[in-house]
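One chain, chain A, appears in both complexes that follow, with chain B as partner in the first and chain C in the second.
Take a look at the complex of A and B:
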């Protein structure tokens, strides 16, 4: 649960409110989408929710605790429950890393499996996201973009989180790969009841995967509600503009949403 | 084209490798070719070069074999140069990484210390350090490292400042990795290439500094050094100039070899990066 979150940046003497008084709640197993034009504060909210940056005002409650009050050690431990997948799957990994190391790190850091057991866990994670376990020894830069994003998802689910923040996680992928990754995310959600904070500027994708949507405009919430209702009949000016700018909206396949 | 082939196509780089290879060979075979103490008397004093084939480069004022001294001096130069440069690069990368990654007060304090070290000319710093602590190989290495770590520290810090904003650092934080592990395992290795690109210049400077310290009588007295040989020869510069010229030429060729090899490596890797 996020309440009245605000984050300001100063640039050239001017102060801009990148995120301005934003509040929302995400239920277990739910997908909440954040949509809005570039620069509307989506990534800033993602970083705030993960406490990669600190807010100037507002509160975050996560699994019943005051998330902002956690000290550094408690925060590191709590991070197991709250994961992130980035837009650019190449930039999200240490350029020197191998697939095995990337997946081994969270298991080691959170003491999820013993050293002897971890290679088997890594193989199981790879299979869980539809990759071959033979990929483990490969360098991250040797595998394809779609495989990399699957590895990023495997890393995110390694610690059994209850919430994953997906910041434009499918935006950099080819259309065909994008569909497969979305299917994988929905499958994981059904099986593990993971909640997603799904950030995207693509309303077609949002309509296909999200339960609810928040439309952002210049750091403020312009409109929110059931994803289909909002996208089919936007009330706000920014909503209408976004829908008008997404011509293929109606042709996007609905992905397993009732 | 593979990098090695490209490297070997650059004439300067090849010259550098040949010079450096000769130096390393000299350093390695010195104890085999000239077993005994190179500072022991081997023949009559001030024997000119090319007169006696058992003493090809002649002898110095005390009758020591110049060629044996030259070979053993290569050992000292190389050992001190590499050790001091390695120490300077290690200290510099660690300080630069901590400063850049931690930011805030830690950065402020570490960079003021770096400034302080950089304000004092590195040779004076080394001179003062050796004068106070006393000359030995380890002290000379430490003294040289003390004056040269600031350059690598600044470069490492600048690189870390850009790396720490990358997504993979955010990813490491998001999985709960400890900040020190992030700094030294995720950030530092990726900040190293531009720091290592400086190493040839640092090794060359360290070799010269060691020679200068030895020239002033502040080298390890138990070891032959080229700087010490030049200082020795100075007393008889008019009658036996070769005593100073021979180690002087060795020094120049070594520094040139190290520098050209380093440039060649930087050039080759830069080209490779540019192509990919």
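Take a look at the complex of A and C:
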């Protein structure tokens, strides 16, 4: 649960409210999407929720705890329950690390599996995200972008999180791979009741995978509700603009330059 | 319709880690005058290599076979300047090493070590290491070879990589006009201001003196477009020109490109991974995969009646606002 979250940046003597009095809740097993144009505060909210940055005002309650009051040890322990997948997994990993190393780290750091047990757990994680266990010794930079994002998801679920922040996690993928990754995320959600904070600029994808959506404009909530209701009939100006701007593929009518 | 550029059996091979990787395999394609042609494909399809090949911006290490033959300058277009002005470094255009533009390829091309490599070529793309392909002075007359920046305008994905960060926007646009149209600086600046108005940059007067970092991503892309059309190119190449922009700005930039192409009678080559976006803009679509041309047709035919399974797969993978929610398929809806 997030309440009255505010984060300001100072730029050139001016104070900008990157996130301005934003409140929301995410239920277990639910996908809440944050959508909006560039600069609307989507990624700042993601970083606040992950406590990668601290808010200027407001509170975050996570699994019954005051998340902002947690000391470093308690925060580290709690972080196992709160994971993240970003747009560019190559930037999120040490490119020279092997797949096995990337998946072994969270198991070791969070004390989830003993040294003897970890190789088996790594193999199981790879299989869980639809990859062959043979991939384990490969270097991160050697595998394809889609495989890399699957590894990022495997790393995120290694610590049994209840919430994963997905910040444009499928935006850079080829469309054929994107569908598979979305299916994987939905499958994991159904099996493990993981909640997603799904950040995307793509309303088509949001509509397809999210339960609820918050449309952001200049750091404030412009509109929120059931994802399909909001996107099918937006009420806010920014909602209408986002829907109008989404490219449409009309497969029955002939198209061309008007 | 008149053929603008005729691509025949174009094969481009990159050397990578000692092995040869074919980025394009025997592509034959005609670009017509006034065409609004989209090149669609996923990563590694060769779509950007095709753009760079047409623009003559392939890195020197690329091995090129086949030909790109141009017919535009023979069809009543104005003659190029007899003497090219010197081109000072650091703005988005190619500096040719001579009056001949390195665009047409030798049928059985050899790597172009013998060619003096311009350190500036490829700068516009921000992603090739530069260098130009070999030229073929004996196959085409010089007047029939297009010149990047003058005859071909480029818009790439990252406007920050196309613009000089320490030069005012107005100067970067004026330089193109001065270089290719032979204008004086005051004339070129007046032209730059008109161009900034045409691309609907707010407050063109102050934008002339603004540096790229003072503009937003969408505004920077507008400035790049102004520079790209400054010399009145016949062909405008947009390579993922809107992919880094949010949806609203993307729609604005697409509308801008559409309007400018119509107003100036340009031919458009629109390269994108997004088949829906391409379908909104293009009259014809060429689908690429693994360096090969899978299917070419009118937009209506490609979207409405594709003949190739891969084209259908691409269309099916599109998640539009009317798509069946994946959530319901997974039985998850709360």
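Annotations for the structure displayed:
By our rule, the second predicted complex is superposed on the first by the 248 of 258 C-alpha atoms of A that agree within 3 Å, B and C clash if a C-alpha of one lies under 4 Å from a C-alpha of the other, contacts with A are read in each partner's own complex, and residues count from 1 in each chain.
As a working rule, a residue touches a chain if its C-beta (ideal position, glycine included) is under 8 Å from a C-beta of that chain, and two chains touch if they have at least 3 such contacts.
Every value quoted in this text rests on a predicted model; they were computed, and no experiment measured them.
Applying the stated clash criterion after superposition on chain A shows that chain B and chain C can sit side by side. By the touch criterion defined above, A:231 lies against chain C but remains apart from chain B after alignment on the C-alpha atoms of chain A.
Look at A:191: by the touch rule set out above, it reaches neither chain B nor chain C. Ranked by how many residues of chain A each touches, chain B and chain C are led by C. Contacts of A:208 after superposition: chain C is touched, whereas chain B is not reached.
Touch criterion met: A:174 reaches chain C, while chain B stays clear of it.
Contacts of A:95 after superposition: chain B is touched, whereas chain C is not reached. No C-alpha atom of chain B lies closer than 7 Å to any C-alpha atom of chain C in the overlay.
When the two complexes are laid over each other on chain A, chain A has no residue in contact with both chain B and chain C.
Chain B makes touch with chain A in their complex at residues 166-168, 170-179, 186, 189-190. Across the complex, chain A is touched by residues 36, 42-43, 216-217, 245-252, 258, 262, 273-277, 279-283, 298-300, 303-304, 313-315, 317-321, 323-327, 330-334 of chain C.
Those residues of chain A lying in contact with chain C across their complex are 27, 29-31, 37-38, 145, 174-176, 178-179, 182-183, 186-187, 189-190, 201-205, 207-211, 228, 231-232, 241-257.
The residues of chain A lying in touch with chain B in their complex are 47, 50, 52, 72, 75-80, 82-84, 86, 88, 91-97, 105-106, 109-110, 155, 158-159.
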